[in-house]
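So, here's a batch of structures to check.
The two complexes that follow have chain A in common; it is paired with chain B in the first and with chain C in the second.
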Partner chain A sequence: MLTDTIRIILADDDEDDRNFFVEAFEEIKIKTIVTTVRNGSELLQQLNDCRNVLPHIIFLDLNMPIINGMDCLKLIRENETFKNVAIAIYSTSSSEEDIENTFVLGANIYIKKPNDFHILKKILSNVVSMNLQFETNGLNKENFLLRI
Partner chain B sequence: MDKLEHYQLKYCILNFGEIKFLEEGQEEKIDLFKKDLLDYGIEIIEHQKTILVQKIKDVIKEMIYNENEQIEIKSSAHISEKLGFSYGYLSKLFSEITFTSIENFLIIQKVEYTKYLIVNNHLSFSEIAYKLNYSSAAHLSTQFKNTTGITPSAFLRIIKKRKAIQFHHVN
Partner chain C sequence: MKISNSQFVSRIIFTLSLFVLLFIGAITFKHTTNISRASKVLLETYEVNLALEHLFNDIVDSENSLRGYLITSDTTHLRSYRNTIKKVNYSFLLLKALTNENQIQRDNLRMLYHYISERNNKITSFMELLPENGVNRNQELRKIFKESDTLIQEIREKVSEMIANEESYLKQRNLKYTNQIYLTPILAFGILFIILLLLILTYYRTSRNLEQLQTTNTKLKKSQFLSYQAEILSEFGTWEWDLITQTLKYSDNFYRILGAEPQSFEATNENFFPFVHPEDMGAVNTIIEKILELEELPYSYYRIIRKDGQIRNLRATGKLFTGEGGMKIVLGVTEDITTETAKTELLLSNNEELQKTNKELKILSESGKQAEILGNYGSWILDYETGRYTYSDNKFRLLGFEPQSFYPGIERILELIHPEDKYLIEEAYQNSREGKDIPSITYRIIKQDGTIRLFKTIAKSIIDSRGKRTLIGTTQDITEDYNKSLQLKERNKELEQTIKELNEFNYVASHDLQEPLRKIQTFISRIKEKEKDTLTEFGKDYLHRVNVASIRMRGLIDDLLQYSKANKEKKILIKTDLNKALQNSLIVLSQKIEEKKVRLTQQRLPAIHGIPFQLQQLFTNLLSNSIKYSKEDTEPLISITYEKVIAKNEKPLQENSNRYFHKINFTDNGIGFEQVNGEKIFLLFKRLHGKTEYDGTGVGLAICKKIVENHKGQIFAYSKPEKGTTITVYFPV
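So, the complex of A and B:
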C-alpha cells in the first residue's frame, strides 16, 4: 500500500529515551511523524485535543510521574474514540506479570527498551510494519498482540 | 454501475473488482465518479503495482482459507503460476509496496488465522496445525511465538482474561 505517513506519539519522562526514539524513527524506511510528551497527563491532553489527528500508535513508558503508563493505558482503552489506535508499552521492566497485565488491559505491543540503538531501530521498524499489516489487511485488531 | 452509466463512461469489467475505462478524454468524468464513490466509502486503486500486490494477497489468503483444496506445489510456484509473473519480480514488488516480504505476509496471515481458530473454534493446536498444513503442533507453536513473541497458550489466556474484564464491566 502506498501508505500515508504513520503518526506516532511517545509518552516518556526520560529525555534521553525520547531523543533516541525520535532519532531511530528518522533512520527507518517507513515515513513517520513522531510527537513526544513527558508524561501521561500531557499525553491525554494531546489525545483529547480535537484539533489533533489521532495517532496510529501510542508508545507508553510505564514509570512516569503524574499519571503512570498503566493508568494511562486503562483510561485510553475505556474511551471508544481510541479503539483503533494501537498501544505499545515501551518499558525497562521485563516482569512477566507486568507484561501480561498490560496485554490484558488492552495493550497491543510490549517492547522491552533495548540498550542498543541499532536494535531499537530494528524493533521500531518491525512494530510499525506489523501495525501496518493490521491496518491495511483488515486483520482483527483485538487479536493484535506483539512482544519484542 | 448506475454511477458509471450516469456519467456515460465507457468501460469494461475485468477480474478482481477491476474496471477498465475504454476511451481517452474521460478524465473529468472519472474524477466526478471517484468523488461519488468516496461518499460510499469506496476508494479506487489506480496504481498498477498496488493492484498486483492486492492480487498477491488475494492468492495467499485463498491458499490459507480454502480448506477443501490442498495445494501440493510450493506457495511461491503457486503464486507465480496464478498471476503469470516470475516470483522474483512479484517478491521484489511486494516488498517495495508493503514494507514486508511475501513470506512474512504468508506467515502473518497463517498466525492470524490460527488466532481466529483458537478463539472462535476451540480447536486444539494439533487440529489447527493439521488444518494449516504444518508438519506438527510444535512447528505451528514455534512460528506463532516467533511472530508474536507470545506462545499460543499465553495468547489464549490473555484474550480470556480480557473478555472476563469486559464481562465484569458490562454487569
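So, the complex of A and C:
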C-alpha cells in the first residue's frame, strides 16, 4: 500500500549527512522510502518530473550549492502543486534569523542537525509521526510548525 | 554787506529824487515867469491902447479948446487948452515908457510926437500971427483950422496905426499866453505824479531798510544773547579798551571768570591787576604792550587768583579796531582754560591708552598674519563701491604671488580659478552683490606655476556705521587637509572592510567549524553505539577522550559564535525592563542555581534602551560566572544592587560631567582574583584558572564587555582572592 509508505526526500550536499540520514531511517521502524539529492536544482528536477509521485516530506539543507535551501523553499511554496508537501529545514545553523525566515517562507519544521546519532533518529521519527497525524486528520499544513 | 548795499541804493534814489525835484522846480519857475511876463505884456498892450486913446482924445480936446478960444477969445478955453496940452504930454510920456521895448511902436510914437509937436508949433505960431480982428482973421482962422484938421487927421491915422499894431501884438501874445495856460495843469499834474512816485519809492525803500534793520537788530539781540550764554558756557569773557578815552569795559562773564559779581567794580587796569597771579604780572604787562605795538594780540596765557584763592588758567587774545573819527578800540576775549587744560591732560592720557591699544592691535595684526601663514589661509575685503579687493599678504602667497604684487579685481581673480570651477565664483560674487552671504564654497585654483590647489572660502556681507557695504572673507588652502581627509577616508574604509571581514571570518569560521565537529561527534556516537561490544577498554577510553575534546571544542565554537553575534547583530535599541531580562536569565540558570543552592538578593532595576536579548545574555554570563567560581565550602551569595549616579562622582568613568548613569553591582562571595587582573578578565579567551578546575572558554566576560559597550556603557571588575568579586556595570541614562 502506497499510503502506508511515507515518501521522504532529502536535499543535502554533504555526503556524510545524507548517509546518517538514510541510516537513521533504516533503523527507525517506520515504512519509508528515502530519496536523496545533492542540491536544490536536483530537488526541483525530481519534484517536477511527472513520473514521480510527490513526497510527503521534503528535508532541506540551507547551505547548498547551485540553488540553496532558502531559494528552493521559496520556489516550492510558490507552486500550488506542492502545497500539501511538508517541508522540514535540516540545517547546522541555529540562528534565530534563519528559523524565522524559513517559517515565514512556508517551512513547517526546523531541525538543527544534532551531533548525536541517537538523537537524530529520535527527531526524525518524531517528525514523521507528527506529519502522519496531520495527514490522517486532514489538518491544514499551514498550521504545522515544529522547531526541534 | 546787504544793509550797506541797500543804504547805497537808498542814497542814489534820494540824490536822483533831489535832482529830479530841482529840475522840475526850475522848469516850473521858468514856466511861471513866462506866464507872468505874458500877462504883463498883455496888460501893457491894454495900457498902450488906453494911453493912445487918451492921447488922441486929449489932442481932440485941446483942438476944441483952442478953436473955442480962437473963436470966442474966451480965456477959459485957453486954460482948458493948456490943461489938455499938459495931459497930452503926460500921455505921451506914459506911452513912451510903455513902448520902450517895442521898436516899431517906438518909431510910430516918434512920428506921432513929430506930428504933435509940429501941430503945437503951428498952433503957437498961428496964435502969434493971428490978427486981433477982421475979415482976415476969419480967413486966417479957417486956414488954421484946415491945417490943424489935416494934422489931427494924420495923428488920428498914426494912433489907429499904433492901436492896430498893438492889437496885432496882443493877438500874438494872447496866443502864446493861451498855450502856456494850457500847458500849466499838465505840467503841474506831471510834477505831482513824479513826486508821488518818488515818495512811494522812498517810502518802500525806507520801510524795507527799516525791516532789515529790525531783523538785523533781532539777530544782533539773539547773537548777543547767544554770545552771553556762550561766554558762560565756554567760560570766556570779552572786554573793550578805548585807547582814546583810556576807558575799559568788561563783559559780565569776565567778572565771573575773575570770581566777582558782574560789574561789581569799575573796569580799570588798576582794579584788574590785583587778580593777576604775581608770577604772571610780567606776562600781563607784555600783553598790554603787545596790543599797542602789534595791534593784534596772539594767544597769551596767564594765571589769576580769585578772591577765594582759586587759581585759574586764562588765555587772552585781542585785536585793535580803528574806526571813523580816530576811534581806536582794542576788542579782546579772555578764556578760562583751567578745565580745558584738565581736558587736554585727559585727552593726553586717552591718547596714551589709544597708543597702547594700537600697539596691541599691531601685535594682534602681526599674530594674525602669522596665523594666516601657519593656517594656510588668507583674508580679504571686497569694497562694493569700487569693486576692488583688498588681500592680506598671505592671500597673495596662497595664489603663488608676492604680497601686494597686483591689484585684485574680480576679472583678475577669475583668471586664476580652475575653468571648471569658475561658475562657482561667479555665482558667489553675484549672490554677494545681492547682499547674500557666501556660504562655504570649495573650488580649485591654478597657481602661476601651474599647480592646482583646492581653496575654501567663507565670506560675510557687512554694513558699517556709515552705511558702506563690504564683503569680508577668509580663504583657506585646504589641499593638504583635503588630501589627508581623502587618505583618512580611504583608511577608514579599509579598516571597516577589515573589521567586516574579520567578523565575517569569525562567524563563518565558527559556523563552518561546527559542521565537521558535529560530524565527528555524530561518528563518535555512531561508534559508541555500533562498536560497543567490539571496542577494547583502551579503545573505549580513547574514544571517550576524543568525545570530551570535541565537546570542549563545541563549547569554544558556540561562545565564539555568540561573541561574533554580539558584534554583528543590528543594534536596534528598544526600551527594556532590566528586571525582566534578569528574570529570564534566572530561568535559564535555574538548574545551576538549584544545584549549587545559590542565595540571591536583588534590588529593583531600571528600564533602559537596549537590546533585550543581549542584556539577558549579559546577566546570564555574569551570574553563571559567579556560580561557577563560587567557593565549594561556602553557600554562594549573589547580590544585585542598583543606584542612579552622576558621572563626575564616579571615578572609574573618568568623565567630569553631570550626566546620569545607571550603576548596577553584581557582588558574590566567590573565589575572587587578584585586582591586577581586573582588566584582563574581559579579554577574549583570557582565563585565570586551569581548564580542569573550572570549565569555561574565556569568552563569557568578553561577550559581557562587548554587550555593555554596545549599550554605550562601561564594565569594571573589583576583586580580592577568597573574598569575592564585584562586577560594576554603568549604563547611560
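Note that the second predicted complex is superposed on the first by the 145 of 148 C-alpha atoms of A that agree within 3 Å, B and C clash if a C-alpha of one lies under 4 Å from a C-alpha of the other, contacts with A are read in each partner's own complex, and residues count from 1 in each chain.
Here is the rule we use: a contact is a pair of C-beta atoms (placed from the backbone, for glycine too) under 8 Å apart; a residue touches a chain by one contact, two chains touch by 3 or more.
What you see is a predicted model, and the numbers here were worked out from it, not measured in a lab.
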Clash or fit, chain B versus chain C on superposed chain A
fit
Where does A:92 make contact in the superposed view: on chain B (first), on chain C (second), on both, or on neither?
second
By the touch definition at the top of the document, which applies to A:53: first (chain B), second (chain C), both, or neither?
neither
With the two structures laid over each other on chain A, which partner does A:106 touch: chain B (first), chain C (second), both, or neither?
first
First (chain B), second (chain C), both or neither: which does A:129 touch?
first
Which chain makes contact with more of the residues of chain A, chain B or else chain C?
B
For A:146, select first, second, both or neither according to whether it touches chain B, chain C, the two together, or no partner.
first
Contact-wise, after the overlay, does A:117 reach chain B, chain C, both or neither (first, second, both, neither)?
second
Determine the nearest approach in Å between the Cα atoms of chain B and those of chain C after overlaying the two structures.
14
Where on chain A is chain B touching in the complex?
1-2, 29-30, 100, 103-106, 110, 129-130, 132-133, 136-137, 139-140, 142-143, 145-148
Residues on chain A engaged by chain C in the complex (per definition of touch)
14, 16-17, 20, 92-93, 95, 113-118, 120
Contact residues on chain C for chain A in the complex?
511, 514-515, 517-519, 521-522, 525-526, 529, 554, 565
Okay, in this complex, where on chain B does chain A touch?
47, 50, 53, 57, 97-100, 105, 108-109, 112, 115-116, 119, 148-150, 154-155, 157-159, 161-162, 165
